[in-house]
Structures are given as structure tokens and as C-alpha cells.
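Input: structures, listed below.
Both of the next two complexes hold chain A, though its partner changes from chain B to chain C.
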Partner chain A sequence: MENKLKEEAGKLLKEGKVDYIIGFGKGTVKFRTSPLITNKEEDLDNLVINPFIANNLSRYPIELKSRVGIVVKGCDSRSLTSLIQDNKLNREDLVILGVPCEGVVDIKKVADQSKAEIDQITDINREGDSLAVQVNGSSKTIPFRDVVFDKCYGCAHPTPLEYDILLGSEVPPSLETEKSLKGIKELEEMDASDRWKFWKEQFSKCIRCYGCRNVCPACFCERCFVDVNMPQWVSTYATWQDNLVFQLIRTLHVTGRCSDCGECERACPVGIPLRSLQRKMVEEIKDLFGYEVGIDKDSPPVFTHYEATDPEDFIK
Partner chain B sequence: MGYKKIKKDQLKALFGEFSKDYSLLVPSRSKGHVSFNPWDGDSADFAEWYRNTTIPPKAMFFPPVEEMLRFKKGEEGYEIEELLPGEGTQVIFGIRPCDARALKIIDILFSDTYKDPYYLTRRENAILVGLGCNEPCETCFCTSLDISPGESGDVDLFCTDIGDELLMETVSDKGEDLLSKMSGVSDASGEEESKAKELGESVKEKITREINTSGLLERMRSNFENREYWEGVSRKCMSCGICTYVCPTCHCFDICDENNKKDGKRVRNWDSCKLPLFTRMPMENPRHEKWRRIRQRYHHKFEYYPMNFDTIACTGCGRCIRECPVNVDVREVIGGI
Partner chain C sequence: MEESTWEPKVVGFLCHWCSYAGADLTGSARLEYPHNIRIIRIPCSGRVDPLFILRALQNGVDGVLVSGCHPGDCHYQSGNFHARRKFGVTRKLLEYVGIEPERVQFSWVAASEGPKMAQVINEFVEGVRKVGPNRLFKDEQ
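Then we have the complex of A and B:
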């Protein structure tokens, strides 16, 4: 896939079909990749496709305001489609390079499974359905699917739905939905007071760095409500109450646009399980409106239109 | 005064003693990320797993949110109640050499023309017990910034982990006083002392990454107007505040008043030059474009701070690299200038 990507990306730049290529480059830290955004052909040799391509790159074209060739996994392609539905991006400006994705490795899980700290892991290699992990000189074999991000377990569309060039052969959907919803089920099963306590503790950790918001492709407002200071909706300082209000409003704002890419949770430096909030809403809109995000670029976003059959039980 | 030592299995008892007289903070994972937290009364094994915290130690002196004062509307104008930190002593056990240096670096700012009573009171009331690194992170580059991972003159007492024991070296009077009150401590042998020194020396070799600081001021200045460079390095940045909040030397803050009808409070909180709302309150953020905000952050650390205070405001702790969701790497950004 990597060679095909380099070749296709090179052609796109050379032929002037795009101004920029947005893909994944080698990171400066082990087991990480880093977004590579370039208009120079010589940089394309640094493009990679490996089990660590975690970032969702679909936010970048909004800022670049150019014609771009962009590398997407299944979940990312749905974010891209959602942005097209919201008129944030023009499909004509994009050449989508699709990566059929077997799941992205969550390095924290690798560390847990290897009973080691991340810094003690020296090498990880994919060998078929397994990962060969080197920890302090000894080798361990871990099933690949045991260490992918939780979101990957319930991935119904691992092969991008929208693409111009597919870089590999299609990957079947992941049917381990239950595993993907595990954390959410646990939260649902708590009684309300325990759940309140849980979130209070979680949001007490929040330092309001806005990592979750800024990496989120569905958070595309030019001016976020928390950045409005006259009137001020949420205090600028991080109290658990205002942190919670911020996150709940953000959750509602991205409902119907969130493709469950999990970037909010991955970005959070203090480890708040933010994806569970979003994932719950993904389930809600599926149940209520039969809508899945980023499936059809020509259909209107779920909250911009209505059907006579939409549920209205909330009107008492 | 020679080296002293304590067995690691005695630490729990020691922490128990400390807890009687001080508020004791140790590295813990209890919040799902590593940070200094009040000792839980039980675990004392952090030396076995801890490399560094996610939240930097500045948070214990310059907290993310801090009430500065409360005000109340009385019959004759406002009554003001100042909320200075209390008198109690914090013992911070296990601070890394880079982070201890970071505090020294921001001490200069907080005790400059305006003496910040909130920060300085906490600093004066704290005892820092340093812990040398035996296993630095791959993101560490402290040695390029004149910091040695295995020793520190920026703490009160410095420990080196030599296996079953921590070797302790007094750095300040405060440290000596603390050491004299510790039980379970014995004299270290000359052999153990040279082992600690050797460890302190050899750990430097484990830090393989570096940042190029040669001729940096000149390089920074001549590159300032290089818009193409700054646009290039900032292209992947998501404009969040993670790097500034996890940075042990970033110290920008905002102050806001929260008013009710008759009373209110003044609160100070961390702020970040990376965020678009920065400095919006007094007037406007003059740095609308992302690349200008990013340039500001690096220039502040590597040009303005050295100009004002004679030291680079970076210690090579690598937190910004580790926590950045898109892997922006300060070593690359500065190295490329």
C-alpha cells in the first residue's frame, strides 16, 4: 500500500491535480505517526501506512483551502463525507486516497498486554494476525485484534466509503460491536449517582486544553461557543462543573457529525474517556433516526432536515 | 555531609512520618495519568515505574485554577478578602532534575518586578526531594540544555535509585533539616556513593536526542520574518493548548472576576498563547493566524526569555512531544531554524 500511495501521490502533485498531499509520515516518537502535509514531491518518500496511523486527517483540508490529495481510513472517510454534507469541503477539491483499515494499534493496550511501560517497548512488528513485541530484549506475541482501539471493534466500514483511489483490498466490517460498546455499557449499568460521581471525577481532571475540540473533525465552528466572551457561556477557568458543561454541549453539537473516530479521547492528555459520550450519541441517532454519519455525501445531515416519521415522544 | 541511604521498603514508613508534619505529594497513577498527588497512605513503589508526570510540577505552585480573592459589596463599598496560600509545608517527593530546573526558571519571572505572593509562598513552603532518572524517556533531551538527568542542585535533597535503596544527598539547609528528621536512614558506604555517581554519569548516555541550541538567539532573530518556515512547521498543529499546559515552564495566565449581584471572586487560571482567545480580554489577540501563535510560543521560550532572564525556558522534559496529538516536535522546529 505504501508504495502505491507514494506513486499515486507523486502523480497527483506532478500533474498538478492537487496542491497538497495530506497523509501520514513517520513520527519522531516510537510507534507514532505524524500528519504529513506537503506540496513538495521530495517529501512524499516519507509517507507511511502502518498499524499506527491513528490521526484523523480530515480537518486539515478546511484550513488549507486548496485542492488536496488526502489519505483516509474508513472512519476518517466518514468524517470527510460529513464535512462535505455540511458544505465545509467541496468534493471536487479532494482526491481521496483510501486505506482499507484492519484497525489501529492502541499503544497503551500493547503496554498493558505486555505488562510493561510504553517506554520499555523497543520494537513492534505485525506478523499476520499477531504483533511481535520486544520488551527489554525479550519477545512477546500478542493477537493484533487484542490491541486495537476500542472504536475499531465496532467498525462497520473499515474500507473507506468515499474514495478516488483505493490503496489496498477491501477489509470486511468488524462485528465485535459488543466489545466496542464495553465501556459505554458499564457506564449505562451504573446507577445515576455513581455515574454522576464518575463524571465529576473525570471532569475534575480536565485542564481545558481544548485538545478534544481541536482535533475533532466535527468541531468545525469558526468560533466555538466557549470562545465567545460577551456574553460568556462557560467560564474560562477549569472547574469540573464548567468542564462538564463544555463537554456536554460539545457532545450535542457534534452529534450527527461524529463518526466515532475517537480522536477526542486519544488526544486527551489526562485520559478522560470522552469517546463514550460521543459513542452513546452515535447509538442514539441510529435508534431514533436510523441515521449513520458519513455514509452518503448527497444526503442532508440528520439535524438539518426532518421527516414526518421522526419520533416525537419527547413532546408531552 | 556524606551520602545517606534508605531502603525502598522503608519508604512507606517514611511517608507515614512525613504525612504527620507535611502535606506529602508523590507521583501516582490514581487519576489515570501520572501526576503528583497527595500520598494515598499506602503505595510507595513509584520508583519502580515512574519516568515523569504528565501534569508538570508547576501545577503545585501555580495551579490551573486559583482563587485570588473574594469580594463583597458592603454598606461602604467593597470588602476584599485576600486568599493567600496557607502556611503548611508541602514535601514533593520524586521530582525529576528537569522539572526542578523548570521551577528555578519560572522563579525568576514570579519574583521579578512583581513578586507573586501566591507562587512564592508555595515555593518557600515547599521541600523538593529530587529523584535522578535511571531510565529516561525517548523524548528526553535535557542534556542539551545543561541539565543532568542524574543529579540536581535545584532541589533540597536528591535521591539516586541504586536498586534496593535510595541514596540521598543533601543539597540545601531545608534538605538537611528534613534528612535529620527521617528515621530508617543510615550512612552510605563509599562504594554505594561511587555507584550513585556512576549511575548519575552513565544515564547521560541514555539520552540520545538533542536540540540544537548553538547560536540560537541569532538564528531565531534572523528567522523571525521567515513566514514560509513558520507556516510549514505549523501546518499540522491543531491549535490546542496541550503543549503549553503540560510544559513545566509555560506560565501564562488569565485573571477573571466572577460576579454575582453582591459578591464575587477573582480567579487566576492557566492560559495559552496557542489558543485564539488568548489576550482577548484586554483588547484582541493580535495573532490571528496559527503560524503567528506558534512562532510566538517558540520565540518566547528560545528568544525572549533568554533575553529577559538569561535562560532558555525549556528543560528538555519532552512532555510537549509526548502529549501532542499530531507529534509536533520542538527539536525539529528549533533544529530547522
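Then we have the complex of A and C:
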């Protein structure tokens, strides 16, 4: 896949079909990738496709404002489609290089499973359905699906839905739906007051770094409501109350745009389970309006559109 | 405040074109509704940002009522249809984080429905009274 990507990306740049290539580059930290944005052919050698390509790159073409060749996984492609629906991107400006994705490895889970620190892991290799992990010279085998990100469980579209060039063969959807909704079920079974307590504790940790907002491809407001000071809706001071209000409103702003890529949670330095909120909303809009994010680039976004038959049993 | 003397304080965001006039009619018709509600007039139920609801709760009100025109009656054609979608997910999210559903109520009340406005406010205030004072955003609980 990697070689095909380099070849195709090189061709695109050489033929002048795109101005930039956005892909996954080798990270400065082991077992992580970082975004690689380039208009030079010689940089394309640094492109990688491995089990650690967690980044959602679909945010970058908005700022580049040029013709772009972009590498996407299934979830990223739906973010991209959602941005096209919101008129943030033109489909004609994009050459989408699709990566069929079998799941992205969460290095923290690998460390947990192999009972080691991340620094002690020297090498990880994919061998069929398992990962061979080298820890301090000894080798351990871990089932691949045990160490992928939570978002990968129940992934309905591992193969990009929208692409120009597909770099591998299609991957069937994940059927572990139950596993994917486990966290939500557990919270829902709690009392309302316990749920509130849970979120209160979580948001007491928040330091308001805005990493969740800055990494989110659906968060594309020119000026975020938390930065507005006339009127000041939310205090910039990181109290749990304001943190919670900020995150709830952010959640509602990206509802209908969020493809459940999980970048908010991955970016969070204090480990707040932010994906739980987004995931819940993904389920709700499916339930209420039968809408799934990023499926059809020609359909209107869910909240710019309404049906006379929308549910209103909650309205007196 | 002592529990025994506590009275709920709720905010009502009422649409200028229908519910606000409906509340006006309630008064003209000499129908009684609880004094616990503080009414804020808004141009359309579609104007109500979920942020208003959360900020109101954060600032300590015990409940928020949002009322607009019946579907199809919107002065701006589609404001209440959009609001309906927005509120549908808003209440789900608020419930998910543990805010009692009784604290946030949506309703459609037309300008001619004075009695209905009184009934909606009455029922809402009673519901809020049952769940008690809003201590959600207090540091100690």
C-alpha cells in the first residue's frame, strides 16, 4: 500500500493535478505518525501507511485553500464528505487517496496488554490477526483487534466511501457493535445524579487547552463561541462548570458533522472520555432523523434541513 | 435557602409571534399562572441556542421553558422546524450528562391558546418543584 501511495502521490504532483499532498508521515515519537503536508516530490518518500495512522487529516485542506491530494481512512473520508456538504471544501479540488482500514492501533493499549511502558517497546509488527511486540528483547503476541482504538469497534465504513484512488482491497465492516456501545450503556444505566457526578469529575480535570477543538475536523468556526467576549458566554477560566458547558455546546455544534473519528479524545492531555459524548450523539441523530454522517456528499447537512415528520413527542 | 420556603425560579423563552402573545392572553383572560416564571421574549424559538439553556442552568435557575409556534405557523416559515431538530438532540445530550429532563421543557403554544399557556407553565413549575432546587452547577452537592 505504501509504495502504491508514493507512486500515485508522485504522479499527482508531477502531473500538476494537485498543489499539495497531505498524508501520514513518520512521527518524531515512536509508533506515532504526524501529518505530512508537502508540495515537493522528494518529501513523498517519508509517507507511511502502517497500523498507527491515527490522525484525521481532513482538517488541513480547509486551511490550505488549494488543490489537494489527501490520504484518508474510512472515518476520515466521512469527515471529508461532511465538510463538502457544509461547503467548506470543493470535491473538485480534492484527489482522495483511500486507505481501507482494519483498525488503528492504540499504543497505550499495546503497552497495557504487554504490561510494559511505551518506552520499553522496541518494535511492533503485524502478523496476520496478531501483533508481535518486542519488549526488552522478548517477543509477545497480542491479538490485533484487542489493541485497536475503541472507535474501531463497530466501525461501519472501514473502507472510504468517497475516493478517487483506493490503495488496497476493501475491508468488511466491524461487527463488534456491542463492544463499541459498552461505555455508553454503562453510563445510561447509572442514576442521573451519578452521571452528573461522573462528568463533573471528568471536567474538573480539563485544563482548557482546546486541543479537542483544534484537532476536530468538524470544528471549523472562524471564531469559536468561547473566544467571543461580547457577550462572554463561557469564562476563559478553567472551572469545571465552564469546561462542561464549553464541551456540551461544542458537542452540539459538531453533532451531525462528527464522524466519530475520536481525535478529540486522543488529543485530550488529561484523558476525558470525550468520544463518549460524540458517540452518543451519533447514535441519537441516527435514531431521531435516520441520518448518518458523511455518507452522501450531495445530501444537505442534518441541521440545515428538516422534515415535517420529525419526532416531537417531547414537545408539549 | 431553606427547603421549606424554596420556590422554583424558572425562565421562559417565549416566541414573540405566538407564545409571548399567548402568555399575554392568559393575563387578559384573568387566568392565573405561577409567578415562578420569568419570561424572556425572543424573536423565534429557532433563536434559542442550547447555550442559553445551559447558561441559564449554570446561573442557577431551576428550569428552562422554551415555547414557540406550532409547526407550520412560524412567522419565519421554518424557524420552529429547525428548532425542533435542535431541541431533539439537545435534550438527549442534557439527559446523558445527568441533567433531570424535568428541568428543560419545550412546548408549542399559539397566540390564541391562553389557557394552554397557563397549563403548560403550571405543569412545568410543578415538575421542577418535584425535582427540587438546581444544585447541578454548585461546587458542593
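Following the convention adopted for this analysis, the second predicted complex is superposed on the first by the 316 of 316 C-alpha atoms of A that agree within 3 Å, B and C clash if a C-alpha of one lies under 4 Å from a C-alpha of the other, contacts with A are read in each partner's own complex, and residues count from 1 in each chain.
Basically, a contact is a pair of C-beta atoms (placed from the backbone, for glycine too) under 8 Å apart; a residue touches a chain by one contact, two chains touch by 3 or more.
All values derive from a computational prediction rather than experimental measurement.
S.K.: Chain A superposed: clash or fit between chain B and chain C?
M.R.: On the superposed model, which is not a single observed complex, chain B and chain C fit side by side.
S.K.: For A:193 in the superposed arrangement: first (chain B), second (chain C), both or neither?
M.R.: Once the two structures are laid over each other on A, A:193 reaches chain C alone.
S.K.: With both complexes superposed on chain A, which partner does A:288 reach: first (chain B), second (chain C), both or neither?
M.R.: second
S.K.: Look at A:117 in the shared chain and tell me whether it touches chain B only, chain C only, both, or neither; answer first, second, both or neither.
M.R.: first
S.K.: With both structures superposed on the shared chain, find the angle between the C-alpha centres of chain B and chain C as seen from the C-alpha centre of chain A, to the nearest 10 degrees.
M.R.: 90
S.K.: In Å, how small is the closest CA gap from chain B to chain C once the two complexes are overlaid?
M.R.: Here the least C-alpha separation of chain B and chain C stands at 11 Å.
S.K.: Help me check something: in the complex, which residues belonging to chain C touch chain A?
M.R.: Those residues of chain C that touch chain A are 50-51, 54-55, 58, 71-72, 78, 81-82, 84-100, 105-108, 120, 123, 136-137, 141.
S.K.: Under the touch definition given earlier, write down the residues of chain A that touch chain C in their complex.
M.R.: Against chain C, chain A makes touches at 187-188, 192-199, 225, 233, 241-242, 244-245, 248-249, 251-252, 255, 277, 280-281, 284-285, 288-289, 302-303, 306, 308, 310-312, 314-316.
S.K.: Touching residues of chain B toward chain A in the complex: what are they?
M.R.: It comes out as residues 31-33, 49, 51, 54-55, 64-65, 135, 137-139, 235-236, 238-242, 244-246, 254, 256, 258, 267-272, 275-277, 280-281, 290, 321-323, 325-329, 331-332.
S.K.: Mind pulling up the chain A residues that touch chain B in the complex?
M.R.: 27-30, 32-37, 55, 59-60, 63-64, 117, 119, 205, 207-211, 213-215, 227, 229, 235-239, 263, 266-267, 269-272
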